[in-house]
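Heads up, the thing below is written out as structure tokens.
Note that the chains are named A, B, C, D and E in the order they appear, and that numbering of residues resets to 1 at the start of each chain.
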Amino acid sequence: MIVVENLHKHFGGFHAVDGASLEIRQGSVTGLIGPNGAGKTTLFNVVAGRLAPTSGRVLMDGEDITGLPPHALFHKGLLRTFQIAHEFSSMTVRENLMMVPAGQLGETLWNTWFRRGAIAAEERALAQKADEVLEFLTISHLADERAGNLSGGQKKLLELGRTMMVDAKVVFLDEVGAGVNRTLLNTIGDAIERLNRERGYTFCVIEHDMDFISRICDPVICMAEGKVLAQGTVEEIKNDERVIEAYLGTGLKNKIVGTTA
Amino acid sequence: MDFLNALVVFANFVVVPATAYGAQLALGALGVTLIFGILRFSNFAHGDTMAFGTMIAILVTWGLQAVGITFGPLPTALLALPVAIGVTALLLLGTDRMIYRFYRKVRAAPVILVMVSLGVMFVMNALVRFGIGVNEYRFEDGARFVIDARGFREMTGLAEGLAIRTTQVITIVMAVIMVAALFWFLRHTRTGKSMRAFSDNEDLALLSGINPERVVAVTWIITAALATTAGVLYGLDKSFKAFTYFQLLLPIFASAIVGGLGNPLGAIAGGFIIAYSEIMVTYAFKRMLTHLLPENLAPDGLVQLLSTDYKFAVSFAILIIVLLFKPTGLFKGQQS
Amino acid sequence: MTVNLRNVGLFALVAALFVITGMTQSWNVTLTIFNMGLISAILALGVNMQWGYAGLFNIGIMGFVAVGGLAAVLVSMPPVNDAWAAGGLQIIFGLILGAATIALAIQFWKRMAPGRARALGMLVILVGGFFLFRAVFDPAVSAVEAVNPAATGYLGGLGLPILLAWPAGGLLAAGCAWLIGKTALGLRSDYLAIATLGIAEIIISVLKNEDWLARGVKNVVGLPRPVPYEVNLQRSPEFVERVTAWGFDPVTASGITVKLAYAGLFATVLLVLVLLAELALRSPWGRMMRAIRDNEIAAAAMGKNVTKRHLQIFVIGCAVCGIAGAMMTTLDGQLTPGTYQPLRFTFLIWVMVIVGGSGNNWGAVLGGFLIWWLWVMVEPIGLWLIQSVVAGMGPGMLRTHLIESAAHMRLLTMGVILLLVLRFSPRGLIPEK
Amino acid sequence: MSFLIGENMTGGYGAADILHGCTLAVDKGKIAVIVGPNGAGKSTAMKAVFGMLKLRGGAVRLDGEDITTLSPQDRVAKGMAFVPQTQNIFTSMTVEENLEMGAFLRRDDIRPTMEQVYDLFPILRDKRRQPAGELSGGQRQQVAVGRALMTQPKVLMLDEPTAGVSPIVMDELFDRIIEVARTGISILMVEQNARQALEIADVGYVLVQGANRYTDTGAALLADPEVRRTFLGG
Amino acid sequence: QDIKIGIILGFTGPLESITPNMAAGAELAIAEVNEAGTLLDGQTVTSIRADSTCIDASAATAAAERLITSEGVNAIMGADCSGVTSAILHNVAKPNGVVMVSPSATSPALSADDDDGLFFRTAPSDARQGVVMTEILMDRGISSVAVTYTNNDYGQGLADSFVSAFTEAGGTVTINASHEDGRADYSSEVGALASAGGEVLVVAGYVDQGGRGIIQAALDSGAFDVFVLPDGMVGESLVENIGSGLDGSFGQYPGTDSPGAALYAEMASGAGFDGTSAFSSESYDAAALIMLAMQAAGSTSSADFKDHIMAVANEPGEPIYPGELAKAIEILKEGGEIDYVGATAVELIGTGESAGNYREIEIQNGVIETVGFR
């Protein structure tokens, strides 16, 4: 589905992504983990067209999509969320969702003047769809709240909600879980699995919560210092010495994970 | 065929005036850039702040001259400068207390503050006109020239003269000192850093125990110093007239922006870019070439890229070109 | 469109200002202010589209207003045949040559691999083209400008009805905006602002110095009117009879009639534009624009072509300013390039938008009327203020000084009122909901 | 009597209240952890305790003294430090300057503390001269916590300090928090990595819709199946 | 009943520093008439100022509209800049049939305008001055000059007419470059002028605007030593501000060998303002003409007295100098004829603009000395 070939992204002298090659298989939920600053977000940004790579290629279904602008990638079915929430702060939560679908009739000036009726019908459908998504994310009561006023976690939910407004082919989730209540995160995990199964979305998920990764991801890729460190099933990764040393550690957390999982 | 004369012509009509003008713009731009850097809005009242400060300096200068105090070869106005800075600082602090503070409290968008500063500009505009009128004033005394054209010719025996004015030298020296001081202050002192922190993230600055009122006050005081100094030096070099100071605003803003808003070094660079581009592009090279080339090759025309009609346009065109390649100015300025 | 009582009240208040002016001063004064108020409202609307909808900080409005004004001349003035004969075609040819040079340079830049050869080649093309252009262009310009310089000295226009100049002004401004937008819209906030300001200054420079185009600083006066002349009305027995029958003085009535005719034309344009703007704003298009304004990065990731949309709104907003510019030149009856000053034609418009309430079309319209009224009326208000101050004062230095400075009260009053309005409604009188 | 207590706090941002008589307290040298669903009002409660929100009811007391009306700045001077959930670093300043700003009110030598922060988060030492805005999400979070530690406070308030932080750093962080608490500093923190946090908590609060739903020791809450299922993700 | 005269000048804006002296000039004439108290059998004249802003046609139109339709002025002294003048003329004065006498709008286009006989100006035509200036230069044996002009219709009109007259007479103009008023710096202009060279520099600008800036910069850099100063540049403030550097510079401004100008300057300084400031005396004359024409017509209505302006301004009749307005009113009342000379030796020609007699001046030892008349 998505193939990243020998990707480099340098900031000045710093090599944030340093020759990473990886593949996200069609129909998979691929986990992407790695220590802070490993270059995961940067990799996402390059794939999603926000940053131009220093070198290397990105392929989608065999087609070279390197350097395409974000909106063009969106139209190809590639969606992403942001690690640091990027809501449309002065718009309501519902509007945040309704603006997402592409090619709305009402986005053409001509239609806004002369095809009011058709637009109204379309709007009703969109609003309904948005309300379904909000329902799912347990924030229906906030539909008319300004998105800027949401709590940290609610903004993350909204990020996710936007990707649910359209039929995507591949969705990149950058730490949707950070700041989201764990019970809700489980529900989100279920949703991801369902979208994956029923609608055939491919996912690539960055997350630091290993429980979450363990539950839904296969395979898992671990990055470190801009390169792919290890790749495999969850179990393989969890037991990989290098991953443990660079990322998981042997401290408190793993003990807890061990005792409660 | 005379290389030296050509050089002198070029120095006299391009290098010296452009450098001095550049320094004047830079001093003005420093004030604009500081307000933008810390308080995060484009202060349209800056030109009139300069005019106000200069007005006070002129009044004090007259007073000093009346009682017979002068400053030797240097202009008396430099003695008046501290007083003028003080009064201007008081005015700015008062303005802040009465006007700007409210908008900080309600967290108004920067553009609102820009409009507010436009209102302040009108008021200050009127204050200056009430205070000293609309006329033109010369308040320069002391030695006008470090070296004048005739003196230079006699001294060197060259056909061309070179004039350097005292005020030009003072302006350049002051500009260099001020930018260095400001840079150091913002980068290396506690207060300076707290000012940058405040501009970056007001809430977090609060959480670090930074007193916002103090930061703002210091900012205005420095602005007063910068504006008054810039205004007085400009007035010494050219003359004082309220309307011209208002007109200065555009090139000053252009300088601050092309250098990168919020960056003192950028202000300096911007000032010189604007000044040099204004002067160079419309300069007629005829006289220089007449010296350089053999007689039979001497140019008939003016050898001028564009007529001076377009000097303003040209400097803006250069500004736009710079921005196209460096979208936030040469020194990576901030955005609001 | 929900009708809000407070907003209606505000409009009523501004209307009252105009009515009071009419009663205490004269209806002619009111209508003069009102007509410019209509034009100001259109300008504010255009700026509001760019800033309020899309967050584009354009402070080059002056330039587009001037371009609109130029259109009025180019459309309505009769062509100067002698000038065309003297070098009109050569000027056009020169301009084409200039444009071709730039196009060639751009193509060259795009086709060649980066490197010193490219830079050098481009420089050669540009410099060579420049001299070629000057060689063709300059003599033609001199020839044209020599044709009866006191009265013409320019190519003249097309001699068409001046009402056509309004859409033409919009189109011309849109064309300029498109060129500018293509190059400069990559810039953000204040950097975009100063770039547009610079472009406006360049446009004004051209208008002032290219005499062959519209006589430069010598001004083009006596543009045809879309409405009758007062003197003609006064000479028409029919008109005089009718108005005297109604109990009006013919001179006053003729002034009012003409102004009302203008008002009708302007109001029609304003209403149509407001309607279109409102429909667009309250639709997915408006929502998309707000999304882009709020967060460009996210909007791009959600599939919105930010660059294209920015260009679209920039061009439309500028076109509206161009229309207003053509209307204003029509109303003035002359094109005066020296008039175009950033304070009056850019910042004052911004004040209108911000005071009115950015992001809100009705706010912009209200701001347009209110601020223009103030801009004109602060003069008598300031005078009145100063007179009431000195009234209680004995004769003396201070008194004379104050009376002499009365003219500056205009600025002071403007400043104080602006500050007061912004103080009590910092988000504008009719804020974006 | 608790060292820091926000008692019966009621208030919100606009007309509607977010907090409905919520009480949070922490003893000297103890760790209090707040958990709850998104939008429960956890961050709001933290802001209220820090004086960034006007309360309509209730009081905040520090060491017995009523500080309800003090400004955030004055609370900093009284030894409180706070890491907000979002926008918690100075993006245009370097990492080192961010840390210095944390120590703004201190007059003593800050080098040793800074060294400690660097030891805790080694990556920050490498990035000390880099503008904090260029850091990755997790690195930013480390800067934010580091900034608060620089204050050498008496009470440290952290709003989701571990969001986006990798497991190995999170472990370090929790370890360090325990250490800090041992030196007598009180810690009040909001966490969504709730199980790990409650593990080290002396007291845990479960906040729902701006009110206390459960209050108990961390271990007790962890053991409560109802709490685990509804709030801790099973 | 009161007579009202509107004074519309750019009290704010680029010309704000010369307009106070212009307004004061007009008001001096009005005060003089009121002092006499004999105008139209004892009517008093009041003046009302309004701001033309010099550049904003719309604001100027609104201000004029207020003066005419609300205040009901009988005539307008103004406006100053040609752009706003023609806007006011066409949009307000003509529709309402009110006389305008401008002291300083010099655009040739205004003469050709269809003004219904309502528009007059006491400022001379640019074309004439160009010829006079050429004569002066030729007589001094100067054949190569550089020219700079303020970039408005006044400056450009004057420069154009001068350049064509001068080249026709066999002189060379090395450069003819504009400058904008109110700019911060004139180095580039001076650089270009210096590079072009020339024996002297002709500065067709305003005395306390860019013109002075240009001279200052040219002197400082040693680019030129001698300057030619047309009417807009002659004023005490120039000498005061620049000083001895100007010695040897020369020029011309409207005036005859009549003692009018000196008389006026004296009266002005008596009243506490600078009468030699640009267009101040023209303003005095403009106001005086309006009032004298009213007296001659025996009416305050524009429609009546517009036809008398030419008559009072020109021969035949008793010459009238500044300070003699009372005498003039007396003569007119008795049915006599006057030839208003005034401060600028007014002589109206064509459709009502000053014919232009010029006084040649030279600056010697920091004083403006009259050296002849043309």
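Remarks
By definition in this document, contacts are C-beta pairs under 8 Å (C-beta built on N, C-alpha and C of every residue); 3 or more make two chains touch, one makes a residue touch a chain.
Labels paired with UniProt names: A, D = ABC transporter ATP-binding protein; B, C = Branched-chain amino acid ABC transporter permease.
Bear in mind the structure is a predicted one, so any value in this text is a computation, not a measurement.
Taking the mean Cα position of each chain as its centre, E sits at the greatest distance from subunit A. Across A-D and B-D, the chain pair carrying more C-beta contacts is A-D. Inter-chain centre distance (subunit C to subunit D, centres taken as mean C-alpha positions): 54 Å. The mean-CA centres of subunit B and subunit D are about 47 angstrom from one another, to the nearest whole unit. Distance from the subunit B centre to the subunit C centre is 30 Å, each centre being the mean of its Cα atoms. As a whole-number value, the distance joining the C-alpha centres of subunit D and subunit E reads 76 Å. Within subunit E, the positions touching two or more other chains are listed as 16, 20, 151, 178.
Contacts between chains, counted with the stated touch criterion, involve the pairs A-C, A-D, B-C, B-D, B-E, C-E. For subunit B in complex with subunit E, the touching residues are 9, 12-14, 16-18, 21, 24-25, 129, 134-136, 138, 145, 148-150, 153, 161, 163, 165, 234, 238-239, 241, 243-244, 247-248, 251, 275, 278-279, 282-288, 302, 304, 307-309, 311-312.
For subunit C in complex with subunit B, the residues that touch the partner chain are 51, 57, 183-184, 186-191, 193-195, 197-199, 201-202, 205-206, 208-209, 342, 347, 350-351, 354-355, 358, 401, 405, 408-409, 411-412, 414-416, 418-419, 422-423, 426-427.
Of all the residues in subunit C, the ones that touch subunit E in their complex are 24-29, 32-33, 36, 149-151, 208-209, 216-219, 221-222, 229-231, 251-252, 254-255, 258, 328, 331-334, 336, 338-339, 341, 344, 375-376, 379-380, 404, 406-408, 410-411.
Note for the complex: subunit C touches subunit A at residues 276, 279-280, 283-288, 290-291, 293-295, 297-306, 312, 432.
On the subunit E side of its complex with subunit B, the touching residues are 13-14, 16-17, 20, 151, 175, 177-180, 182-185, 187-192, 194-197, 208, 212-213, 216-217, 220-223, 237, 241.
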